[in-house]
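This is the structure, below, for whatever I ask next.
The letters A, B, C and D name the chains in turn, as written, and every chain counts its residues from 1.
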Amino acid sequence: MCANSIGKQFKITTFGESHGGAIGVVIDGCPAGVSVTEDDINAALEKRRPDGSVSSTPRREPDRGYLISGVFNGKTTGAPVTVIIKNEDARSEDYETVSEYFRPGHADFTYHHKYGGLNDPRGGGRSSGRETACRVAAGAVARAFLAPLKLDLFAHTVQIGSIKTTIFERTAIESSPLKCADRAAEESMLRLIDGCKDSGDSIGGMVELQILNVPVGLGEPVFDRLDARLAYAIMGIPAVKGVDIGEGFAVASAYGSENNDQMSDNRFLSNHAGGIQGGISNGQPVVLRAAVKPTPSISKMQRTVTKNGENAEVNVAGRYDVCIVPRIVPVIEAMAWITLADFVMTRPGPGL
Amino acid sequence: MCANSIGKQFKITTFGESHGGAIGVVIDGCPAGVSVTEDDINAALEKRRPDGSVSSTPRREPDRGYLISGVFNGKTTGAPVTVIIKNEDARSEDYETVSEYFRPGHADFTYHHKYGGLNDPRGGGRSSGRETACRVAAGAVARAFLAPLKLDLFAHTVQIGSIKTTIFERTAIESSPLKCADRAAEESMLRLIDGCKDSGDSIGGMVELQILNVPVGLGEPVFDRLDARLAYAIMGIPAVKGVDIGEGFAVASAYGSENNDQMSDNRFLSNHAGGIQGGISNGQPVVLRAAVKPTPSISKMQRTVTKNGENAEVNVAGRYDVCIVPRIVPVIEAMAWITLADFVMTRPGPGL
Amino acid sequence: MCANSIGKQFKITTFGESHGGAIGVVIDGCPAGVSVTEDDINAALEKRRPDGSVSSTPRREPDRGYLISGVFNGKTTGAPVTVIIKNEDARSEDYETVSEYFRPGHADFTYHHKYGGLNDPRGGGRSSGRETACRVAAGAVARAFLAPLKLDLFAHTVQIGSIKTTIFERTAIESSPLKCADRAAEESMLRLIDGCKDSGDSIGGMVELQILNVPVGLGEPVFDRLDARLAYAIMGIPAVKGVDIGEGFAVASAYGSENNDQMSDNRFLSNHAGGIQGGISNGQPVVLRAAVKPTPSISKMQRTVTKNGENAEVNVAGRYDVCIVPRIVPVIEAMAWITLADFVMTRPGPGL
Amino acid sequence: MCANSIGKQFKITTFGESHGGAIGVVIDGCPAGVSVTEDDINAALEKRRPDGSVSSTPRREPDRGYLISGVFNGKTTGAPVTVIIKNEDARSEDYETVSEYFRPGHADFTYHHKYGGLNDPRGGGRSSGRETACRVAAGAVARAFLAPLKLDLFAHTVQIGSIKTTIFERTAIESSPLKCADRAAEESMLRLIDGCKDSGDSIGGMVELQILNVPVGLGEPVFDRLDARLAYAIMGIPAVKGVDIGEGFAVASAYGSENNDQMSDNRFLSNHAGGIQGGISNGQPVVLRAAVKPTPSISKMQRTVTKNGENAEVNVAGRYDVCIVPRIVPVIEAMAWITLADFVMTRPGPGL
């Protein structure tokens, strides 16, 4: 199955392995006339870059994106837009020591069996989180394309381990190492992460996505509903294990009389639906949460097997993120931009 | 956007409105040689049929499916398989009285605005849950196609309101009015539903899907991951507001050392991942949960607006389900069969 | 491969076999607000109907199309538009006598081998020209969708056997039994067809398609060029064995200096390109020709083999067209409408 | 419309402009285990390279392809295969002098209007024939993928101007500057081309494609017929204006009794159908012809208009091909390999 593309009308295709020559993305369907520069793309990539803080890998990934097609004189031309990111700091030796083992919690086992042992295992190869840099680059183009719509879209960390945010101070997010809107909670989160680092462990968390100023009418029944497509795009990010929208899992114990969003004066009186009804945006904020698992690379002895089927114990040393959550934040934003761009391309028809 | 098809290689297209002449589904990509009969399809439709019990609408939907193409002498021919279901018990008048209002919690508002007021509003038209009967019919064909693989797939109700199951007795599910594996819990659930009926309210719930005997290797990175595609298919069912896999939302507070599935003797020692790693099945049971919102049709006065923008109060009378959860169960099963069929069609290549 | 759909944004899916319960078509992606009626569809089907004249089968196919979804109060709703055509005059016995043989020139041999003998062979089953009625029905919807553009599109017979038209009287086409714009040539053509009928033979021909009032800019490089997509759609009609555009095959012996279309006063001075440059319409008439083979069903003894591999001689009796060309004319028109509709749905983007 | 990809299961996406940083291609859907090297790709590119002879541009295009993803240890991994070709010899100044004019016969006019003047015009930009190098690179991968099937596929020049080949000596093709199987005819063709060069003109021609050892059953009715898909792929090559199959345009004047391929002893007694019946390969050679127009770049004064709408005369100086036909030959081969690869990926199903 051709599975390295997403989108029907604003379609991105990613390619490349963690330790190959380069990774990259081709965007097909972006119309002519979108103002976008290499700097826009690199600013987005910067948000995903490990910042060297406690939470993330000390691997320095310059992650410099090069725009090699589809943009001329600062504007898209209607031809495919391609971004290439070279792999400059790939120290294969770190990874090669473990290449004979299936690292617990990683995709090593499934890739090995699916591809008959032929996949590139260095640094996780195609399954590496590094591939998501391509999605972030494409997200920057999607965002530029959507700029005229004045959508306001952001994601932020709302939980690390059992610590949840209680305050929402939006201006805090950008400078926050954990992309968190609650500075007090973040301090506790950082201490928790420090503790994990000391003990060689990792920790999960939760990210919330909000999209404001959404026009009414995005989403295409019956299968390309806005909620279904966001779930597809975000559940497709490595480490995400759950997605819910609006009241989400809380609807299971809700009554209709409390869950329905009533209206008055042409406004909704609540937003339990999270901005989506019948799979179509209703103009209210779209609110979505994604559960992010703890990164599987930990410095503890774990039981596994080798490719030859022998039992082994492995300590996955290397330069890894203790908590991947803040680096997932820009990827979720990117996938949301890309998904929205796809819907905005849907033309109502010649007479409308 | 062409959005009434799902699947790339085993593709279904549904059509039809709740109160139009008929609804139906075309399945394109089903190979020749699959043994499937109209009875198989009608047996599946029977599971989705309202059973007249307290939980569901008293509308009698015979929901008889007619196989009108693609099957010859009891086997698929390789041509499109089409099932038509006539709308025989459509009492439009029940619905027409409310057609001037946007029913709270329904898709009336978004459909009206997206389609410029041109959508067929009778009974919800295209957004009616009735459309899911087509998915169930297609699911029966997908299941027949996959029969040689001996997959074991089932869904069941694990929560209604705040009542959760604690016992799993699989044999109880089939005859259970709520598709529940815990008879004691079901009694409480039925009482809760009775109470909702008396008070004119509705109630939500949770469904769990399990897929056993899954071969290793289903799922196509990087975007058509098995988890992403299941999320897409199941979040695309009306009323579903959240999907998670394996430990799901619990991963947010988990440590890597507890969440990783270690291995020994070529077996996994746990299944926190829910059978999917790197988007690919690892041979363990696939476990997924879907949160189902309370049906929005309730017999209580609710505030809303008319299509002309005037405030109104509405009591959505009619023949509706008090709790839609058990009727979602076979739809989730169908979408899982359809999703799996799509992946099984992926050919590894001529030399493999 | 899912191969019963065509189009990316205005997508049609046909289903059904010649002698099954019904044939039909689902159109996904047609926007809301298109005025179209069952009468429009039946008027188009009427053009494809055998007229009982010398050229075509005496089989009476009422070919009545029923609009069963997607149209409400005379306008499309944005939901899939479905047309069903019942098979009412299917005399299977005519065909069953030959079902053990591979009819020369038909698809019997390839269908049998491709589908492992499981295809429905009655009347050609899925490979019957009858399937093209579904395309004609969809073409009527595409035409209605494009009505605001004032495109002027028509096809006509320009050759039967070695008789070619030399006069172009457009008003003659509609009432012409052979859809021919040259009445004098048509008389000769009819005599030729009469002769074929007497001798139990059949004869091929050529159809020309013209599209006038084409806006500049239809066609999507680099693969969905307007010429490539028209070739795909029209070569995909049974019996078509060649397609060329503008000067077509004559370019092989042309010099650049004579083949280039020069410009002056913002107009082209010639139309050798047939209205398409770089795969994009240039505003001049699109001119295309399709070569149609003689229908393979003839009343002459022919050598063939049975499904068991035994040599045989067969005389394909039955109710067949002596010359299929005039019945291909509306199918070519339909495929052109459908192809154009797909391109018109392409949105340039939010800012343009 | 996303139009820079072709194929459903073995899908290629090309990107890049003639005078941008690089051009390239991503192949998604190529299974793991295909033996392919950068040398294989460069050997294919070499066939498309201008050879400096009279027929082609003196521009030296090293056209070196770099395999940057999807191949590990000499075999494909199942991840996207990407080839990048840098633009090293792009002398923009040659082209910039004409950038204010619409070059007659080129895509300048249509690209300019379709993309609102935003397209990259240097050297034709995206519409340059240079983009076809990407198709040739992808064709090399498709060919490697299909190697186990032992298909024998080749194209050759059968006509230049009014000079047609009469002899078929297959071994002559490879070393022939015009990819011609008839050395005597080629001498005349070369003289004709020389004359064109002297007079500043260009000349068209015809290419024939043959595919031998084709398995029965390739092609997917009803729309992805083998003939329709080959027509789509080959009509989508710049400069191709017509495609026919088997007897092709000659069927227009043929009788059924002479055009049908009769059978005896389980073999076909003729191949008028060109190896395809009902859109499916029948095991006989697939034979197809493509008409190639004279390259529009000529050193003669031609009338045109500027982007501002002023009349002008232009002499398209530069380094161009006098006859593009031999350079189209490997592109036709590549598109055929790519099309066949797509069909071979179609899986009949789990039980077959």
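Note that in this section contacts are C-beta pairs under 8 Å (C-beta built on N, C-alpha and C of every residue); 3 or more make two chains touch, one makes a residue touch a chain.
The shown structure was predicted, so the numbers you read here are calculated from the model rather than taken from an experiment.
Counting every residue number used by either copy at the chain C-chain D contact, over half are found in both chains. A separation of 26 Å divides the Cα centre of chain C from that of chain D.
Each chain gets a centre from the mean of its Cα atoms; for chain B and chain C, those two points are 39 Å apart.
Chain B and chain D have centres, each the mean of its CA atoms, that are 46 Å apart.
Residue positions 1-5, 8-9, 14, 32-33, 79, 114, 116, 126, 221, 345-346, 352 of chain D each touch two or more of the other chains.
Shown here, the protein chains touch in all possible pairs. Those residues of chain C lying in contact with chain D across their complex are 1-6, 8-9, 14, 102, 104-107, 109-111, 113-114, 116, 126-127, 131, 159, 161-162, 196, 201-206, 216-217, 219-225, 227-233, 235-236, 238, 241-257, 259-266, 269, 273-274, 277-282, 291-298, 300, 302-305, 309, 311, 342-343, 345-346, 348, 352. Those residues of chain B that touch chain D in the shared complex are 8-9, 30-34, 79, 145-146, 148-149, 221, 344-352.
Residues 1-5, 7-11, 13-17, 20-24, 26, 28-29, 32-33, 66, 68-70, 72-73, 75-80, 82, 84, 114-116, 118-120, 125-126 of chain A are the ones touching chain D in the complex.
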